[in-house]
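Before anything else, here is the set of structures, which you'll find just below.
Next come two complexes built around chain A: one with chain B, the other with chain C.
Showing the complex of A and B:
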């Protein structure tokens, strides 16, 4: 995992597993910082569960395979002078439940790892979960790239978002937006 | 070669764990997400990443010994978790390259 996009994918897959049907992924590159925030309306976590997220042993002991996602992300963020903050409301507490994960990285720090290919990351998410309303926003120094699955659905009506033609259109559209953002 | 023999030959300070295990390979790396897929059972794993996440990676991959090199600071929480999980840890003042050269010179080999 030497690109941040893989961590964005990992965190967003957590939201998918939490049963969310709306997930927003926002990346903001401004000044010295790169911030990414994933917000979902999934089942959420209890305070106790949130506390245990940063302890790799709690999770590894239970499943032996996964559970280092958040500890690794936290380590990477802190190595660049940043942080990871997770806030969550469990469904047993409120109807307005879900989880927000905010990770900040010092993007000029020598230990900063590159963001990687966000277009393919977004496509992987849509392809794997075509019924989820992903909202993707990437603010760069040159402009903002934006995609809303809910808005696409209004235009496409009953066409599933993981149809190859739709995915190809999304790839092209994001590419054009990124080109425009890097040109200005 | 056992952990004990390697520790003596490489002048490592063993801090915790079982020193009778046989070392069957070597891996050097600090990027833990990568190490998670590359450290193999029975390895001598040389790294500077002396934190709790490295211990978690070792719990998953089961190396014979972790050597925290270049005299990096090792927190008490790291040793406590390693002891609890039966993971052997040693410290060395040398860097990874010097340790590899020394290990090869005493007949150690990568898997």
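Showing the complex of A and C:
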């Protein structure tokens, strides 16, 4: 994967599959670091599952025997002097369950890969899961880009967020926010 | 700026159409979006199907959905097209190939054999 936004998509898909109905994706670019954090209210993981996460031969899926999402991300983050931290509370432990994945990358490190197209990542997530309340926040050097599916849904009511016209509106809205952030 | 007023206008326009659509969709396009699919380039393939089907005016009859890993990672990006009882599995897809599948298969009813798993695995 040659852009970070694909890793963000991959990690957020884990939250979707964990049955979350609210997922927040936050990207923060500040100083030497790019941090992204994905927080969900899905089923969460047990302590034992969290321990095994960096093992490529651990996966909960049944269609194949390897899971490379987290090992890939961890390798990439550590190569740039960063890290990946995952905290999780399994639904058997608490009603306040879910998972938070925080990845940090050194923005000026030679092995840092560009963030890439976050708009397409956000659109892919909404297209696939129009009923999930995604919150997207991207703090750039020039300003903050923000989208809340819950706020859009208040206007759209029963019109799904993955209607092509709605997706096109979201794409344009984000693009204009990014333009404004890079102009300031 | 894309205003919320514009979004309200979209809502007003779409409201009646949506209920009609969910009951009349005949073709389902399913794109694999697990780690293997994403790494192989599934994101632009999905976008090409969503946009292409809308532009072709087919969104009343065709729905595009996503799925996880179906176990043939070496052939990703994988796209399955369901039509009634029939299922066609396209492999190693690109945005360009997606446009071709929309034009020839979904619109024209003719399977693009050279991109199917049967032809590729030979």
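Heads up, the rule we're going with is that the second predicted complex is superposed on the first by the 176 of 184 C-alpha atoms of A that agree within 3 Å, B and C clash if a C-alpha of one lies under 4 Å from a C-alpha of the other, contacts with A are read in each partner's own complex, and residues count from 1 in each chain.
Quick note on the criterion: a residue touches a chain if its C-beta (ideal position, glycine included) is under 8 Å from a C-beta of that chain, and two chains touch if they have at least 3 such contacts.
Since we're looking at a predicted model, the values are computed, not measured.
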Contacts of A:181 with chain B and chain C, given as first, second, both or neither: neither
Chain B versus chain C as contact partner of A:57, first or second or both or neither: first
Greater residue coverage of chain A in the superposed arrangement, chain B or chain C: C
Touched partner set for A:72, first chain B, second chain C, both or neither: both
Which of chain B and chain C A:1 touches, first, second, both or neither: both
First (chain B), second (chain C), both or neither touched by A:155: second
First (chain B), second (chain C), both or neither touched by A:121: second
Partner chain(s) touched by A:43 [first = chain B, second = chain C, both, neither]: neither
Shared chain A contacts, counted only where both chain B and chain C touch the same residue: 1, 61, 64, 67-68, 72
For the chain A and chain B complex, residues of the former touching the latter: 1-2, 55-57, 60-61, 64-65, 67-68, 71-72, 75
Contact footprint of chain A on chain C as seen in their complex: 1-2, 4, 6-8, 10-11, 13-15, 18, 33-36, 38-39, 43-44, 46-47, 50-51, 53-54, 59, 64-66, 68-71, 73
Of chain B, residues touching chain A in the complex: 31-34, 36, 51-53, 55-57, 59-60, 81, 85
Touching residues on chain A, where the partner in the complex is chain C: 1, 6, 9-10, 13, 17, 61, 63-64, 67-69, 72, 120-121, 123-124, 127-128, 152, 155-160, 163-167, 169, 172-173, 176
